[in-house]
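Pasting the structures in now, so scroll down.
In the two complexes that follow, chain A is the common piece, with chain B as its partner first and chain C second.
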Partner chain A sequence: MSAPFPEDRLPPHALPALAAALFIALAPHGWHQPPWVLSLAALALGWRLLVQTGRAPAPGRWLLGGLTLAATGLVLARYGTLAGRDPGVALLVLMTGLKFLETRRFRDAMLVVFLGYFVVITNFFYSQEIPLALYMVLAVFATTAALVRLNAGDGGQPWGESLRLAGLLLAQALPLMVILFFLFPRIPGPLWSMPEEDQAATTGLSDHMRPGSVSRLLQSEAPAFRVTFAGEMPGAAQRYWRGPVFWAYDGRTWRAGAVPPALPANPPQADTLEHTVSLEPHGQRWLLAMDVPVSAPRDARLTDDGYLVSRERVRQVTRYSVRSHPGAALEPLLSGARRRAALDLPGDAAPRARTLARAWRQVHGDDDAAVVQAALGHFRQAPFIYTLSPPPLPRDAVDQFLFETRAGFCEHYAGAFTVLMRAAGIPARVVTGYQGGTFNQTGDYLLVRQSDAHAWTEVWLRGRGWTRVDPTGAVAPERIESGVGAAFSGDATVPAFLRRGGDWFGDLRLQLGLWRDSLNYYWNGWVLAFGPERQRELLARLGLDGADWRALVGLMTVATGLVLTLFAGLFLWRNRLPVKDPLGRLQARFDRRLARLGLPRPPHEPLPDFARRVGRERPDLAGPVTGFAEEYTRLRYGPRPDPARFARLRGHLRGVPGRGRVLYRRILHAQWR
Partner chain B sequence: MPAVTRPGRIPTALRERAIAWITRRQPTGARQVTLDRRCIYILPTRYGYTFAGVLVVMLLGAINYSNSLAFLLTFLLAALGSNAMWHTHRNLLGLRITRLPAEPVFAGETAHLAYSVANPGRVPRRGLTLEAPGHPGRAFAVPEHGDTRVALEIPTRRRGVLHPGRLRLHTRYPLGLFRAWSWLHLEGDVLVYPRPLPVEETAGGGGEDRHEARASRQPGGEFTGLRGFVPGDSPRRVDWKALARTGSLYVKEFHEPRGGRLWLDWDDLPAGDPETRLSMLCHRVLQAHGADLEFGLRLPGIEVAPARGPAHRRQCLEHLARFAPTGREGA
Partner chain C sequence: MNTASSPPPSAAALIDGILDQLNAVVFGKEGAVRLALTCLLARGHLLVEDLPGVGKTTLAHALARTLGLRFQRIQFTSDLLPADILGLSMYNAGAQCFEFHPGPIFSQVILADEINRATPKSQSALLEAMEEQQVTVEGTTRPLPDPFFVIATQNPQEQIGTFPLPESQLDRFLMRIHLGYPDHAAERALLQGRDRRELLEDLSPRITETQLGDLQRDVLRVHVSEALLDYLQALIAHTRAPGRYQTGFSPRAGLALMRAAQARALVDHRDHVRPGDVQAVLPAVGGHRLRPVEAPTLPAAEVIQALVEAVPVP
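Right after this comes the complex of A and B.
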């Protein structure tokens, strides 16, 4: 192989920078990958640096091929596949390390830099939180600095210069980035179907309810969603956020079940409450909304059970506007099949509860509402405890809870109450969702946390349709009025963030938490949830209602063109070539001005002579003209030009009236005459 | 590279017109060139295209996963790449390239074309390459408010005048995504003397030739005596033994043939093609100069009066380098 051309030579000083940048970009993958993935990549980086300093032999072609195969095999052994996010990232991390190890020439190094940028982007498929975003700014900065050093040539470059230039380049890229981000036409993804990823990592409501499945969410301070209201915010007791609805009960677990479709009904229109929800990703398809939503946002539908289901799983922060009708009569007519589904109980479940329900039915006859009240009264009067750490229920969950332990969390109450209703012959179902929320004054929104998760019952009453009944409210009214924290204020087993003590430290922590959350709220609204929907909103705010993608492309092109032109203009102005003969230019301007005043200077007349002549003919101009002539002569023929003198020369030139002042005087003169 | 037009290359006619256009835009034949906006060209490198491809993949990923930060990064890198164009352009802008005088060389040696590149700006210019067409370039950097001397090495094969032609000054700095370049037409050709060729190597040795050869080997002809040293005499002619004996400087005097003058004559050489003859003459000029002889040079249509000294040597060699045989001399 012939010696590489200078342009394909690898500048040695670029390698440590490149290794550092790669390590910064790769490091966060340590959280999601088995430890050996990152360790092997780091080893490869280190090996290449040792080769550079002559302390290790360079790997041969066969060894590199073997290592590549081994890395692929390891990933296959760990994940069983190479497709999908995690195996793909593992492979990318390992290959980036190996490619760096193989780097011999400029072109290899350039490829490694591009791989580095690619590694940065893969991090965003795991997290889009502000801290990671800031960290990735650092990674992009380091990678760009390495790219600059790589292109600086054999001579090397001081570190400060590489870093400063990388920073400058990135800073100059920001305006265009912002324009493209907001105006590049967004289309709803995905373009191709994605493999299902395991959802274990995301917290949120689940697709079933059994004792313990809601209370586990109480441990999480993480936000579930944030809501802004178009008008007045409803009171605390009204803040029920509707999620999935469960019909099928197998004696322990509630599930959605296969329920026939509802009879068609006219959706209620009056008295709706408009609000916008910014939902954190939870990996499922339902969208939370205030009970009961009556309209569906784009790419979602309203189910017969009155909750919203999105077309795609919620993997990103999603923002949508919904109208709700808190008092709506849901499903005024119940079909026979649905009625049967809402009364179904497994044959052997909860015999004592059935007896109790039958007793209420006998007392109240046909009056369903009275039976409901009797049941609520039972919960209120019997010694029930609302607790996060209920005793286990190894036998029949409902009977044991209702008659023995009498201690439970909302899923116990909702489940048992629904069973009681069904036993009494009242169609009933379980609704899960959230209840309550913390108002954030800084951001003017309501924050609903995972710890606000809740479950309640809906009973179907003739003439009223599905009606919400919350047995938890009967046991612990403060839970509904003031939130979980109030319900557990003295309980040492609940997480600290839920215990609202009166101490200043707790208050400060609360306030800081709210500030941080409002930061996240804006981050979510303007960055993470910025998609097709938000883009339309933004355009509408700019007065471009109903703009299609063509208008958007036009707007983007114009804005991009403006920014680029401005940048180019500033760039060329700042880097313009120095004036060849600044003195000559000033003199030419001086001559033009005097010629306009009727005093042309013939080219053979030296400036000092000319100045004397002007002094005789126009004594009013003598000062500046003589001054100019003197300074000019000194600057032109004297030793070392002095900048201060140059400024004085300009001053004298300003003393000679220019075109504007001459015109102004002429007009003035004409008026006076 | 052969002048045959390969498929996919710009047709020759178009190329020539493009070169003519470039030449018109560029100050030619000057000793110094300052690069302004109009004479800097720029195009993406293959890394630039690769980078664009990477960005397209990133954009597709961002759309597919509706990942806002992926969008942000993609757009940041796109803007970075587009701004890099200006920085690459700026890396050449305002550079002042001055041609430094070049020493003549003998055919077969390497000519050193020296340039001084000055940077009047306040930003150092890095990753610059200066190259003559068909030769590997020379990489260098110029500090802010400073200058750098760059020497191009061009191997020579034939005597004559070496035109380095259009030089190309190019750079990929700072990101390698774009290449900016400028064509430099700077005056200053390098004179390439003929390759010196000892006469014996080509001819079996004719009568006249032997005489000349002997004259070369015993410079100065027959020894005639000593005379006193006069300032200006060559130290080679000082009789050092006499100095040791007497303590004063004496100079040896020789009887020089042909009226005391050595003539190196084109027509005295054994038959050969003109280039061989020039090479032989070159060898003799060097020998005669080395022996500090007074010699003259006769070429068809040219006669250089006998003299000695470096200026005379240079004049003779220049005639040999520039000599254009008229055809009748061709053997």
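Right after this comes the complex of A and C.
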């Protein structure tokens, strides 16, 4: 490739700026890479700066080659591969440092600038939160300032001027960025995705339930999802958010199990509740929705157990609208196979519970509903405690919990209640999900945190189908009515954010938290989860229902064109010539024509001098140009302006070829300069 | 080109005659000769800054003879006294009274050679005479002849034992020019030609004193349009912007620039001033009046070039 620049020399004053910008962009990788990666890259940056000031020798070609191989080897030794996010980023960080080290020419420096922009992108592989995004704006600003300094020429530039220009460039790019972001046709699903390994750390419901698996979530203040309702928001006691359903019990752990499909049934239609959920990534496939969802959003399906499953694992903030029917009768007819699965208990599990269940059954005969009420009554009357720190249950978990410790969290109650129901011959299963949520006045949405995780029981009653029974509500009704915090208001082991103390500092903290959360909510809704659905919504709001990608491209083109026209207009207006008299206008036209002919007149050059110059260079133009210069100068500076001269001036101007004739001549005679 | 806008033909013919005769004596210095005549017609004084032997005296002498003016040369030295320039009163025993003996300054063209060799006291005697065109000796004010034209020279390279003119004094010269070495052809003509002194002896006046006075008055009548005043003021304003020059153009300098441009237009046979005239006299008029703050040693030509390029012509 031949150098596209007449002089491929590196402006020396650009290097410190470039090193600083690179370091700003690279620094966040220090958190998720071994310390030596960033340190080596920083060493390479520092070395090049020392070379610049003559305090260190420049590395030779062999040394650079060796360093490149060694860096690759180090990454291989650490990760065993070069593919994947972490090894790839480690390699990029090291190579960026080395590329800077070997920067000799302008071309190299430009390449490093673009590497810098790419490094900025890679930071979003790890986090897409607002603080990182803000930091990356800083990194882009610094990189752009380095780019500006790189192109400032050999004379250099004051720092303030570089920063001002970079800021101006970014500010001008901002409207275009907004247009492209919102109007570029979106395709469903992510453009790229990260391998599985990287999703390990996300919190959320798990695919099984055992004592402690739900209460561990209580420690997490992190949002699980946020909901806006199309209509009235249901009351706290109604807000059950349905997640995975568990059938199989092995004496300690509840799992989904292999359950045969349900008999077909007509979906309930009446009285649906429409809401939109913005779900935080949790690495599993289920989508939370208000109990019981009756419609599935795009790319998801409604299972026989009445919860939503997405086609892909939820690895990024996902937004979907769903309709629910709080009182729906799920599965009014239960097949024999499913009935057996809903009654299955391991043979030796919970003998005392079975005895208790049989006793209720004898009292109430075959009235299943009465048995359920009896069981709830038992939980209400016996001294059960709702606590986050239950004593361990080493032996038969259900019996020990029901008859000895009597202290537990919702998964204990839901599990034990389901066992009791199955022992009494009533089909029962465990449902996990969330319950409650905090209303955010600022953002007008309901925030459901991980700490709102919950588990409850569903029993199948003839004529009513699966019916929700929440034994936790029998033990600690305030948990259902007012949230986890209310249920634990005196418990010091509960995280502080859950407690309701009523002191002003706590209130302030709560309010600030809600503000911050609504900011995150908008960020999620308008940036992270801005997909095809959201784009359609936005366009509908703009009055463009059902716009396809062609309409989007058209709209994008028009909007971009408008912005560019605005900028161009602003530029012309700011560089406009002062209002001129007729004479001045003629002179401006004369100047424009000659500039188009490749003969620009510097503004300080008097027209007669200019005409002499033109006469030497282009004798064919000498006549009209000299004539115009003389007439103009006499009209402008001479005494007693003569109107006849004005007509002669126009005549001379006509003698200078205009745009059309210039093009025509160039084409005819191929007079390209 | 056009009789309606040209000065009376006599003026153009007179000026051309003067220039032809001067150029026949002072070889290869058409630009400097034209500037010198321009300076004289604008009633300004001329400072020639150059090495000895490049023709300063010849120029001054030729000018005086061609214009039919009385010429005096004063060689400035460190022991020159003001009285050596202005003259002094001596007792006339016969008439029983003091009689004033006028000094060399009572002449129409003065060549003040190597002005920077004299003490400031003697320098200022000359400069005050230049400014006021009169001399006050022992309480009596005596007018100097009219026209009165001073050509001062100084050698920029000799520094030891000299008293360089301060800026305030430099301001009294309308123009400062350089002669420089003659080019190849001029040098050859000079070597082959007759002796300069003989040539000068043969020069006859081409103009009367009255005609010279008329020409000097014609300068004042050369038309200065609004557009040209705009241009002049833009130039002046540019020199006064803070941070550019140690001092901007004074009102006197602005006026000098306009006069010089008018005279230049007249020498070029025009009845109006153009920006080209201003640009032509600007190096001579502005060069010794501007000193950039950031590069005080920058050659005057470059300083003026930058100034010209910074101001668009209307």
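Note that in this section the second predicted complex is superposed on the first by the 562 of 673 C-alpha atoms of A that agree within 3 Å, B and C clash if a C-alpha of one lies under 4 Å from a C-alpha of the other, contacts with A are read in each partner's own complex, and residues count from 1 in each chain.
Definition applied: contacts are C-beta pairs under 8 Å (C-beta built on N, C-alpha and C of every residue); 3 or more make two chains touch, one makes a residue touch a chain.
Computed from a predicted model, the values in this text were never measured in an experiment.
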Checklist entry - Can A:G531 be said to touch chain B (first), chain C (second), both, or neither? => result first
Checklist entry - Who does A:A258 touch here: chain B (first), chain C (second), both, or neither? => result neither
Item to check | First, second, both or neither for A:A644, with chain B first and chain C second | outcome: neither
Checklist entry - Of the partners chain B and chain C, which touch A:A568 in the superposed model: first, second, both, neither? => result first
Checklist entry - Regarding the shared-chain residue A:D609, is it in contact with chain B (first), chain C (second), both, or neither? => result second
Next on the checklist: Output the chain A positions appearing in both contact lists, the one against chain B and the one against chain C.
Outcome noted: none
Item to check | Touching residues (chain side chain A, partner chain C) in the complex | outcome: 584, 602-609, 633-634, 636-639
Checklist entry - Okay, in this complex, where on chain A does chain B touch? => result 5-7, 9, 106-107, 110-111, 114, 117-118, 120-121, 124-125, 128, 133, 136, 140, 144, 147-148, 150-155, 157, 161, 165, 169-170, 172-177, 180-181, 184, 186-192, 194, 315-316, 527-531, 564, 567-568, 571-572, 575, 577-578
Checklist outcome for this item: Within their complex, chain B touches chain A through residues 34, 36-37, 47, 50-51, 54, 57-58, 60-80, 82-84, 86-87, 90, 93-94, 120-121, 124, 126-129, 136-141, 172-176
Checklist outcome for this item: Interface with chain A, chain C side, in the complex: residues 5, 223, 225, 227-228, 271-276, 279, 308-314
